[in-house]
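Every chain is named by a letter (A, B, C, D, E, F and G) in the order it is written, and numbering of its residues begins at 1.
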């Protein structure tokens, strides 16, 4: 059965994979630039503006520089694991994009191409699974660095990500109760025809948002790399492109979680207050992608905005927030959602 | 488990991790080394090492005439060097029995309070940075630039000001300096508005409050025993302020309060510093008003009339013999210094900044000792952070406002 | 696939788990071997469920076939519970005696 | 050999190989990582058997949570290769032989039975979440609830055990 | 006491010292591109001990904004940074620490000595102060001033940029460079 | 502790109210503050292209003055070197020879005058110490350079351009103070 | 109200004539105590219900090389916050055996200050919990602030020695 592979489909998917991976890399690259610019604007500064017009070549310069920097592998670290850390971080960051519906179908030389690499029927679980693996890159890298600051960063990352995954999962369950499907594509379709999930699940969205911040190690949850406490946290010992991978994966994670949030709660590629079906399918698809990207950019801006505004938590306060506030809230949200569904379906 | 279990051979009996914070750790803002014994994230023990930028001020001071010591004092607490300068000049004036006109006193008060604000704003915004919020720091730093501009108008330098001379100032305040001061004091666009915004950003933010409340606390008795002075002591609840206790430079003419805290934790220190900035602003306004009240010839007085210690004007040097002689005497450091010893202190940004000057009548001090508040209260740091978390240690460090230059002399 | 292949694979994994338990003295690795053994069983259960599904394809209920997978599900639950308690014990033990060598615990007898 | 067989073989070799690496590597961190590879191989098998839900749950639960915990504990204790004392070679040999013997016995016992049944690959809907869910919440709702109670008690137990006693043993 | 003179326009300036160009090799276009990239992405490691550190804060602040030059990411881990900015007095107690930080940095690395104390000891010609950090590590650019104005720090930073731009990729492997390192007892 | 003064004032340290405990209000308030800064005028000065105005008394690099006829003012009395806390000034005096009156104003002049710019702390004491109107600090900061030896500024580097031989540069050095200059 | 006279009276009542050299330079009561009595005096000043000198403002030493047999003077500055009055007292020690009792038991703040004094002058504070060098490197083998030691670093290369009298 498996031999009967549709090679055209394979090719199509392959191209899509390449496009998506490169697009997310490119977006991540420019997210680093955007972060600097946004930080600058929020702080009454100008930000990088010397590399190329408006400093647009800044990320390229950074990347190039990191590539040509000396690689240092600390003496007593396990070399293999030391290299594997950033690689894993990068890999898991990129893998999530596989199940995201980037847009509707697009007609391409008479062929209807689905703008989604794999419409897995358990899509959201896949996302969840990959996200749960993301911590390995940090942990392995931090352990292999053989540095106490790194190790502490790794430990903080591990406990933080596990703790917040729970609340995230529970808040998702409430969402799943409403949608009744695990497929991301179907969720988007549902939202196209009804309300956005954020209207139905405001609390769930809030919890998910907080957990997404935590999973991406962004302020106020950036304890694993808290620069004033742990120097660089888990990537203290990394130099050159391995460091680049870590920094990059953080931005890819941010991008992907923005996409996931937009898809789950904000209708994905749905254009609000507008019926796409009146448009030509290609145009609709492209507009859909634009809509999705707009939402994503808004989320990324939110990520940065929060980062440059509020202080970070202390380790025990972070745990307190996760276990004593978010999880009970998520449980309550789940129960309430269940109750409401039962009441209306009676 | 009970104690009859023998630990296996070679097992490490130490339960804690040793973490070396510094001397180049970002949290130390200067150079201290703290060796922490951590149990998880909790600090069990801390040992601090200082002296990484020891520069032998006291030895240098024994080789320099009085006026050359002013640049040295700049480099003690470089966040508020004018206070150090003024303190030094006040000490010299006390030794040389020079009394200063009121206008000089008020101008000094202006400069000193500006320095206090610039110091406190750095300290408080660094507390913000160390707790992870960077923007507030950059917002208030813009006003520190304005303070520096005022210094620059008065003395020509931004940070290590070398401002003032024995008996007064090097030159009169220009109009530009007063204009900038007005700009600084403006309620709408000046520092008060910015400070209010800064407070809004932090003081009632739960994350910040959680981070700072109960972090690095000290009781009034312990603080006193440890030799705390300044805002850190006042945060513990003791209203000791040199400006009130032994007023210098006509501080008794001003109306201000001494903000005190209760627990001496980081939050109290933060609030006390913020309040002190408000008080300084109020003093600045009063002082500026008082300075403006001088009219006519009085408005041009910027130094005491002490030709033996204050350099004559350049044009007099070129023309008058007497002035030339004084000029040479002062520059060569051959002013007549009475034999004696004097201790004088001012309220520095960090606490009581004392100068103990022994003169044997020579051209240089026989011995000059600086009472550096940082140095004295830093020894309480291990006690402050004990049983706290690692993050607490960082934030306590910055809220104590430790200035390495002052600490190590 | 032949069911025997799955049986043998699971068996091999299971045996590796047993050998690990017997050979190693590090409590954590022993613990991991137990997890490996549980997984071997899980694999076999899934395989059986699929085997059953084929044989009972004619029969009406597919629920019947997923029973085995539900067992796997429960095993995972038990494993997770076990790990949480077990690791807590190991951490406790490490904290008190500073080793995770299981042989060391023999000395409790004294 | 069909593609399925090739995949099966690859996954099996991966699983067995990494399992062996797991018990032989000196460094506990490496052991943990090899075990994760084993779990991935087993998840691969699940997918091959069209039990996608279990596959992803296996990854989430085992690789994503349990092994992170293991790694966390190993890192917390800062265990290295040197931590484990060298064990008696003879005892190790005995362990390996007895384990091997057990396997041999079972293999020989199984080879006696003549099952000719095939496993359904990549087909059937019994692995789908819908089917599983229906079965779980209809027929197994009581065990499900009991397992949740078990989970809760395990959690409480872990917290109670893990809570630091205030007694200092050095006293 | 108004000064009659406003500017000193007889400013001395010397070019980049020998040994930075891709000596003996044609600087290829590729090399140029890499140098250009490096030039625009210098991540500083502030080794701030005293007064100059405070002026560095001002340099990072809104008025001067070092970030414009692409060096916003101030790292504190020596591994990740390209430019060691030594600001402030380095005492003899601190000297070994400074050297260690330098050794920990990944190539290519540059050093800028900001301020009189770091460059030469400044007014602290005393028993406890290192008379210039070039006694322990090689320095690429000196910035005079005590402390230098932020403009002067930026000026020094741009000098470093020129240096980075001129530096060939092979310089770090040249014998001359190795000799320099050996003279400081590094490696 | 008893109160030592009657000026003490407690800081406001009220416990968190329920709303404050919810994190969000303060976070939103903070975020609105940072957001409002997007629209603020940026104070950044694009340094190499634009410079911030220095104050007229800024203490920058030293300059050795000449009088209106282009004679050097310095008489090598050594007061500046004595006054220098950093001991950065070195000079050698020489007697003015016959026929050099157009070069040096006084009978003695500095044959060698060096300032070690790396040592100099720009405190301005040399300017104050000078009785001959010879050394002034200018509004120019000393530029950075690559080698240590470049920082010994000799007399040629410090002297103001000759007013007659190089009037343009001289005018530039005087800046907008040319009209204020008084000949003594 | 506490005044210098009362303090002097109280101290003389307590210790008799061993406290010498009473004078009041620039308004601060100053006296000298015998070396071995320093802790007793401190204790008295600290404990007395009226004196309440419970803040140690400053502690340092001065080196008088010509004062044979008592070259090192350790100077204490005490402050009574309630009545806002300061006093200063000195104890002298022989440079060959500079033993002075440590005040750390009374004032925590004396810890670093005594270490600094030890570091600079080599005063041996008996009873100090951790009397090691604080500001200088541990390897240093002299006490730099004593008058006979030079200030300058001998490695400085960029200075014309003759110009500054070091040649």
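As a convention for this text, a residue touches a chain if its C-beta (ideal position, glycine included) is under 8 Å from a C-beta of that chain, and two chains touch if they have at least 3 such contacts.
Values in this document were obtained by computation on a predicted structure and should not be read as measured data.
Colleague: Which chain's centre, taken as the mean of its Cα atoms, is farthest from the centre of chain F?
Modeller: So the farthest one, by centre of C-alpha atoms, is C.
Colleague: Work out the mean Cα position per chain and let me know which chain is farthest from chain E.
Modeller: C
Colleague: From the mean C-alpha coordinate of chain F to that of chain G, what's the distance rounded to whole Å?
Modeller: The separation of the two C-alpha centroids amounts to 40 Å.
Colleague: Roughly how far is chain B from chain E, going centre to centre by Cα mean, in whole Å?
Modeller: Roughly 29 Å separates the two chain centres.
Colleague: Cα centroid separation between chain D and chain G, in whole Å?
Modeller: That pair's centroid distance is 71 Å.
Colleague: So, what's the distance in Å between the C-alpha centres of chain G and chain E?
Modeller: 43
Colleague: Among all residues of chain B, which ones touch two or more of the remaining chains?
Modeller: 1, 13, 17, 25-26, 51, 54, 56, 59-60, 71-72, 133, 135, 138-139, 142, 145, 160, 170-171, 201, 205, 207, 224, 238, 240, 245, 314, 408
Colleague: Counting only residues that touch at least two other chains, what does the list for chain E look like?
Modeller: 62-63, 65, 68, 76, 93, 120-121, 123, 125-129, 132, 146, 149
Colleague: For chain C, write out the residues touching at least two other chains, lowest number first.
Modeller: In chain C, residues 95-96, 99, 101 touch at least two other chains, as defined above.
Colleague: For a test of understanding, state which residues of chain F touch chain A in their complex under the given definition.
Modeller: For this pair, the touching residues of chain F are 27, 30-31, 33-35, 37-38, 40, 42-44, 46.
Colleague: Note which residues of chain E are touching chain G in the complex, please.
Modeller: So the residues of chain E touching chain G come out as 92-93, 120-121, 125-129, 131-132, 135.
Colleague: Contact residues on chain A for chain D in the complex?
Modeller: These residues of chain A touch chain D: 1-3, 78, 81, 120-122, 125-126, 128-129, 132-133, 135-136, 139-140, 142-143, 151, 154-155, 158-159, 161-162, 165, 182.
Colleague: Quick check: in the complex, which residue numbers of chain B touch chain E?
Modeller: Chain B reaches chain E through residues 23-26, 29-31, 51-56, 59-60, 71-72, 74-75, 78-79, 122, 138, 141-142, 144-145, 148, 158-160, 170-171, 313-314, 404-405, 408.
Colleague: In their shared complex, at which residues does chain B touch chain A?
Modeller: Against chain A, the touching part of chain B is residues 17-19, 25-27, 41, 128-135, 138-139, 142, 201-202, 205, 207-208, 210-211, 389-392, 394.
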